[in-house]
Structure formats: structure tokens, C-alpha cells
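Dumping the structure here so I can ask a few things about it.
Should a chain be cited, it is by its letter among A, B, C and D, assigned in written order, with residues numbered from 1 in that chain.
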Amino acid sequence: MKTSIIKEFEKVELKNPILLEGFPGLGMVGSIATKYLVKHLNAKKLAVLHSPHFPYHVIVNKKGSARLLRGEFYFWKNEAGENDFIFLTGDSQAQTIEGQFEVANSILDFAEAKKVKTIVTIGGYRNEIEGTPNVVAVSTTPALLERALKANAVPSESGTPIVGTAGLLLGLAKFRRLDAVCLLGETRGYLPDPRTAKSVIEVLQGLLGISVDLKGLDKDIEQSKEILGRMQDIEKRRVKYMQKMRRVEEERITYIS
Amino acid sequence: MKTSIIKEFEKVELKNPILLEGFPGLGMVGSIATKYLVKHLNAKKLAVLHSPHFPYHVIVNKKGSARLLRGEFYFWKNEAGENDFIFLTGDSQAQTIEGQFEVANSILDFAEAKKVKTIVTIGGYRNEIEGTPNVVAVSTTPALLERALKANAVPSESGTPIVGTAGLLLGLAKFRRLDAVCLLGETRGYLPDPRTAKSVIEVLQGLLGISVDLKGLDKDIEQSKEILGRMQDIEKRRVKYMQKMRRVEEERITYIS
Amino acid sequence: MKTSIIKEFEKVELKNPILLEGFPGLGMVGSIATKYLVKHLNAKKLAVLHSPHFPYHVIVNKKGSARLLRGEFYFWKNEAGENDFIFLTGDSQAQTIEGQFEVANSILDFAEAKKVKTIVTIGGYRNEIEGTPNVVAVSTTPALLERALKANAVPSESGTPIVGTAGLLLGLAKFRRLDAVCLLGETRGYLPDPRTAKSVIEVLQGLLGISVDLKGLDKDIEQSKEILGRMQDIEKRRVKYMQKMRRVEEERITYIS
Amino acid sequence: MKTSIIKEFEKVELKNPILLEGFPGLGMVGSIATKYLVKHLNAKKLAVLHSPHFPYHVIVNKKGSARLLRGEFYFWKNEAGENDFIFLTGDSQAQTIEGQFEVANSILDFAEAKKVKTIVTIGGYRNEIEGTPNVVAVSTTPALLERALKANAVPSESGTPIVGTAGLLLGLAKFRRLDAVCLLGETRGYLPDPRTAKSVIEVLQGLLGISVDLKGLDKDIEQSKEILGRMQDIEKRRVKYMQKMRRVEEERITYIS
């Protein structure tokens, strides 16, 4: 295994498939959203991606077996709509610069073999959130950007970098004349963020004309609020302590100098 | 040498050989256990593995000569049992991500050429030990896991990562339809840990139906206990000093603020 | 994309073209100067360079689209002179050692295909500046060095390293029997430095017999002076505070010891 | 340039040539000794080695030109003896693990093409020196080790690592059935160390039956002693200050607790 390998489980015929990618990244927004869709749309396993650019360890599963880190492709036959879907998520992104490019290109090779014409990538961008998290849309195709904005995404400032697979798929899709849009949910980013993943799925519903029950995310959101609350308390006490220390230090200087 | 090279010393015919791997890693559990078996079963040199992914230095041996870091394969003809053995240990693991995958695959190529059907890998996992160290078993094959548990290994929690060669061999073996089991001994991990290596060998004896005298390890265990004792004393004093410092600092703040 | 790719937009016939390269680096001197020339000479897009050795992210542009980091080639038909020009600038340099060599060689392959015989590279070197920043010239060709010195560049001390693309193009040009000169503007280097870029362009005008209006840089220079002023104030206060702290600490020691 | 390239300046016929390598490393022992021999034996340029694994910069030379970092091969026709010599020194070693192996192998390819049968590598090993620095010898060939010990080298402890080109050439020479010996001079290692280089050359004279006037090194040795003296003064004052600080801190704790 000198290059990434994608192994198909099943040969399926897909109708104008759209590839939706969400790998782990900032706030785990991409992987939470994609995994939620896979579960609630009851998508089926399509293929796995293995790569020598993923971290060199295996993880133990529930049955006491172990497996390499991997990317996972799922498919969903969207009877009601014009497009079937391929979902891609996984355990990890590639660990080196050259590996990131190699993995992204092997994903696009697979997508083209499956006759994918449109790619949607999901990620997070760091911000202090007030109220409902924003979802920023960036697209290589004006019409696709327009549709994302109509679905309540907001435009991105120019100059923003989109790091990793979500960004590279977008950048490399251009050369293959594939349409691509990236949705980035606003997140503090240091904890898994189901709240932001929910915002992203809400945009996805409008953008892609799909419909999923989002109640399943609300419990995760409650839990993450509690954890966040505790972490903020700790942070506040730390800041207060630091301020006190600084004051003490300043007084001492004033006194001696 | 752009890729790993395995050079055989001798062409031997082995009976249903099992590959047992233990490279240096956490607590040196894998290499201590494997080297002990090689020595006490009087296993013979089979092959060496050289790799451009190993550290770029040589080490001086007793005769004042020097050699590259390497992997070492030994074989043991197990007259009494159904399986002969190939042992693999060495000086170091590969130093880069892509190198780890390359080395693991070249080991498996060699194993398949030798008609190996079963692979056992050994490592350590970090934990504070109480009493006898546990040995966790993970296997790609339910029957093999079952046998390991019968031999007093304990099942692993799901989600645990197994890093390095011991893990990758397991993960990559699957694709080659080889059975594989990994035994991880519980170890504090910051010192060579013969105590944990002994626990692993005890499980190996039950799992593989081999028998070795373990007394040779007891002297090493005594020595490592002494070293550990001294290190714990130092650590205790350090913690006590830090607590005192913190108290001093707090009192000063109380006083001034 | 396993290696760098240069994609031409347009087949143009260029008259004894000179390649002028200025990638981002110390003080952004190379990219500021090159981009200024591209804009004020109204140079046209010639080609883009994409590379798996560039950082693995895309950047969002003004239209809400995104693109890979890239190198950009422009051409300018210099009606009045003997040489047309190819300008090369971009977002980033290669991120690994081997990548730096690969990118530099692919640039030179392209230059040779375009019949370039002379290469000019631009960068910065770190120094505390007094008055007008110096521009140091280094060249593989004595005649070219001579011309740069006549255009008010100063000779370099021997032993100076020139890091990155500006240096490698020079070093690798030799093997291809191309003439090459590197101009390094003196810069503090921790901020984009249009003042130094201006000095470099002044030398370039003399060296290459081209003429551009430099007034456009003066506004940027004013702005950067203000930013620098504010940063120096902060730095002065920091130094003063550190000195005070040290004095306090020393007095305390004197008192106690 | 995807791999290292060795370019010959001149086709020379050499009589049983010995390759003597000394790249920059600990205390610069290898490069100081080799460059001294090149100069005082009046050896001639034979070839240069360029590599994409060397640092990605060029260095400016005395004429204001610049060149890539490189390895330099020199030859010396040893009229009086049985062996001619090839000397190899340079600016830098390879910067990545895989690069170190690639460069070492390309050196050995060249040596074999030149019919070299014996390789001598030079480096430093870190130690506090008392009196004349020791020179440790390590060899893949007992007879060669014997000769080095007779020439006043001392044997190495087993387990010592020899890092970098000096070590890898030794380790890789074995596979090509070349004799190789490594001489490591004892050095503090944080400054260029002509004193240790002199000790190494003294051993080389006995080992190789060559004779060079060593007076040229004595001036460098005097200079380096002065620098070392100043650095040790600074270090002593620093240690004293640290001790005072610690005492102050301890007294304060005693007082408060």
C-alpha cells in the first residue's frame, strides 16, 4: 500500500449522484453532520478508503477486533429526488502535506468513476458564536453558491483559508470540471459541536432538497452545552486568578521601584 | 535501498509457521518478550530486515564493528507442536508515517512467502498497574480472540488505538486474509518493563501451546523494581515541593490582595 | 497531482524573455515587488503552477469561490526593449525540502520551454535598516552582477545563505547554463515591507532597462510606517517593563542574600 | 533533480583508491580534518554531489556568485604509497531520514564505480575532554580495526550510535563487501573543534601511511581555546547566578512556610 486504495463492497447504479464529504476537523462538524445523515437516511456501505498517509495505528472495535483508520463511503438511493447520494466520512485526515493531496485526488478519481458531477464538503471555521451558528458557503460554481445562500448559508469573506480535505476537494474539483460547494459551520472548535452540525444540516436540507428529522441531535447538543458550561467556569476562574496575580505583581513593582 | 529489504540467511522448511512480532515500543514489552523467547527456545537466525525508514545511524557491537538498525527474524522448529515459529524483533520501528506502512507491508510479504497463516503481535499499553499486569487481547479473528481470552488475556475496550507495527500488522493482515492477534501488556511505560513482558509470555504459553522457563526474567524484574522505587521517591519529593511552592504563592496573594 | 503542474492559458511568442520571480518570503519583498510590476506594466496571465508541495488548503476569493494555492506566471511584451518578461509570483513556497527542489525545477523546465536565458529572483534579507534599504545582488554570471551593481545594488558578503525559491532558482540555473541574478532587499522582515520592495524595483529599473511609476507604492509605505511605529512603541514599553522587573528582582536578591 | 547527482569534473585513473569522508557534524571534526588534508596534500577536484535532500538554500561565495549546498570529492595521487585517495566533504548532510539513506547510497555507488575497496569515515562523539582528545575506531573489518588501534585509536564501547553519513556509509558498506572504518574524535561538540580534528589526523597518518604537516592547525586551535575560555566564563557566571537565585527562593520558602 504505497498509495491510497478504495475498495468497493457493492456495485450499485446511482442516479446523478452527489458526493457529500465530512471528515473529522474543527469541532468535528463535518463528521458529526455526515454520520448523522448516514444514520438517519439509512445509507448503505459502498466502499472504504485506506491510505498510508493516515496515522499509523489501528483502533479496536466493539467485537475486540481492530481495523486500520479509514475513510467510509455510503450510498443512499433518494427515490423522491433527482440525485442519489454518496456520503464520505472517516476516522482521520491524511497526516502529511503530500498525503493530503494524494488522498483528495483518489477521492475525486472514485467520484468520477461513480459519475459524480457535484461535490459538497463540510467543515467548521473558528469563531465565537452568538446565538445560532452561521454556515458559510464557498463554491466553485456561482449557481451552486446562489442555491446555498438561498438555503440560509452566508457568503464568506475573501481570503479565508479552508484547510484539509474539505478545501482540497473544492480546489481540485475545478480541474476536473466538477461543481463543488463547501459549507463551513461556525464553531468554537475545541469540542465536538453537534449544535453547529445541526445548522449545517439545516442548510443542506434546503440546498439538496432532502429532509431528515433533526431531533436526534438535540440530546447531543444538551450534553455538549453542559460540558461547555463546566469548561467556561474553569476558564473564568483561571482568568480571574491570572488577573489577580498580575495585580499583585504590579503592586509589588510600584512598591519597590 | 529505497524500500525495505529482507535478506534470508537460510532456506528452511517450516511447518505451518506462526509469526510472532515484538518491536521496541511502550515499556519495551514487545521486544523484551520476543527476545526472551528467542533466547530460551534457542531460535535460529532466519533473516534481517533493513529499511531506509529506520533511524539513520548505526550501532557499535561488541567486536567494535557497527551495523545498521535492523529487524531480526528467527525461526524455531517446534517438534512437539503443530506450528513452527518465526520471531521478529529489532532495534527500532520506522520513523515516518509512510515508512511505518511500508515496513509493515514488507513484513507481511515475507510472512506470506513463508506460508505464515497466523500472526501474533506484542506491545504495551499505558496504565497504572495494581498487582499483576493485565494483558489485553485484540484479534481480527473471533476464534483466535477466544483462545487468547481462555489463556487469561482480557478483552480490550473499544476505541483503543494500537500504534505502530504491532497495530499495523493486525490491520493490514485482514486484507491478506491472515489471522492476527495482538497482545498488549499493561505498563507504566517509561521504563523497560520485564514484569509486563512476563505476563505477556504467560498468555502466549496458553495461546500457542508452548512452554518456556520464566525464571530468567525474575532477576530483571527485581532490578527494574529498584529503579522504579528510586524514581518514585524523586517524583514524590518533586510533587511535595510543588505543593509547598503553590501554598507559598497562595499565601502571598492572600496577604497582598 | 503527484508533481507540480504548470498549465498555460495562452500560447504567446516572447522575445528573448527574462523570468523575474518574487514569491512570498521575508518582508514579502519578492511578492510585493513582482505584483507591483505585474499591475503597473499591465502584464497578462500566462500560466499557473499547482503543486502537492504547497500548503494543503484553498483560499476563498472575492466571488465566494475558492482556489488552490498557486504560482502565477504573467507575461509582458516590452515593445521598447530587447527582452519581453515573464513574471512569477504566488501565494506560498513549497513546504518540504524535497518539494522546494521539485517546484524550482519545474519552474526552470517551464522557463527553458519558453526560451528564457536570464532569470532574476527577488527576496529579502534581515537587517536593521538605517535610511534607504540596501539591495544586495548575487549572480551566477559576473557580467550580470556588474550590471546589478551599476544599478545601485551592493555586493553580498560571502557565506550568506539565500533560502527558498529565490536561492534555489539561482543555484539550479547554473546546471542549465542559464544566467541568474538574485536581488535581496534589506528588511526587518516581520511585516510586509513595501519600502524595501521599492528599493528593489529601483535597482530592477536600472538593471533591466524598464520604467515604472513608483508612486503607487508610497501610500503602502506610509501605512506600513504607521503600523511599524505602533509596534515599536509596544516593543519599547515591553523592554522597559522587563528592565524594571529585572531591577526589582536584583534588588530583592541584594536585600536577601 | 529527484535523486542525488554526482557530476565528475575529470576522468582520472586511481590506484586502489581509499575513500575518506568527513561531512559537517559534531564539532565539525569530520569536515575540519578532511578539508585540512585536501588543502595540505594539494588534492584536486574530482566531482560534486548535489541532492534534493540537502537544505533548500544556496550560499554566496567570494565572487558574489551563489551555489547549491553540495558534497565535494577530491582526489590525491599518492605517489609514495599503494593507495590513491578520494576525499569527500561538503556543506551539509541530508535533512530527512530517507534522504540520509539515499545520499549515502549514491556515495557508495560512486565509490564502487571508482573501484574503491576501503572507506574511512570521520566524525565526532560528545564527551568532556581531559588532555588530548581520544579517537575511537569502529570497523566492519577486524584487520582494519586492528590497524586503527595500532595507530593509537581506542576501541568503542558497544551500543554507541554513530549518527549520519559517517555511520550509514559504514553500515551500508557491509552489504557491498567494502571494508570500512569510522574514526570518531572526542569533542565537546558545541564549537568547531580543530584540536580534535588534529587528533583524528594523527591517527589517520598511522592508519593510512600518509604524512601531513599539522602545524597549520595549531593557530586554529589557539583561537578556539580563547573562544572556549570566554564561553566557559559566561557559563560559570550563569551557574553561579542560578545557584544564588535558588538559595534566595529556598530561604523565602523557609521563612514563609
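The criterion applied here is as follows: a contact is a pair of C-beta atoms (placed from the backbone, for glycine too) under 8 Å apart; a residue touches a chain by one contact, two chains touch by 3 or more.
Quick caveat: nothing in here was measured; it's all calculated off a predicted structure.
Counted as hops between touching chains, the shortest connection from chain B to chain C is 2.
Any chain touching chain C that also touches chain D would appear here, but none does. Ranked by separation of Cα centres from chain B, the top chain is C.
Both copies, chain A and chain C, contribute mostly unmatched positions to the interface they share, with under half of the numbers common to the two.
Here the CA centre of chain A is 36 Å from the CA centre of chain B. Between chain A and chain D, the centres computed from C-alpha atoms are 51 Å apart. Multi-chain contact residues of chain C, defined as those touching 2 or more other chains: 252.
Contact between chains, as defined at the top, is found for A-B, A-C, B-D, C-D. By the touch rule above, chain A contacts chain C in their complex via residues 97-98, 100-102, 105, 137-142, 145, 155-164, 167-168, 170-172, 174-175, 182, 252-253, 256-257. Only residues 1-2, 50, 52-68, 95-96, 99, 244-245, 247-248, 251-252 of chain A touch chain B when the two sit together in their complex.
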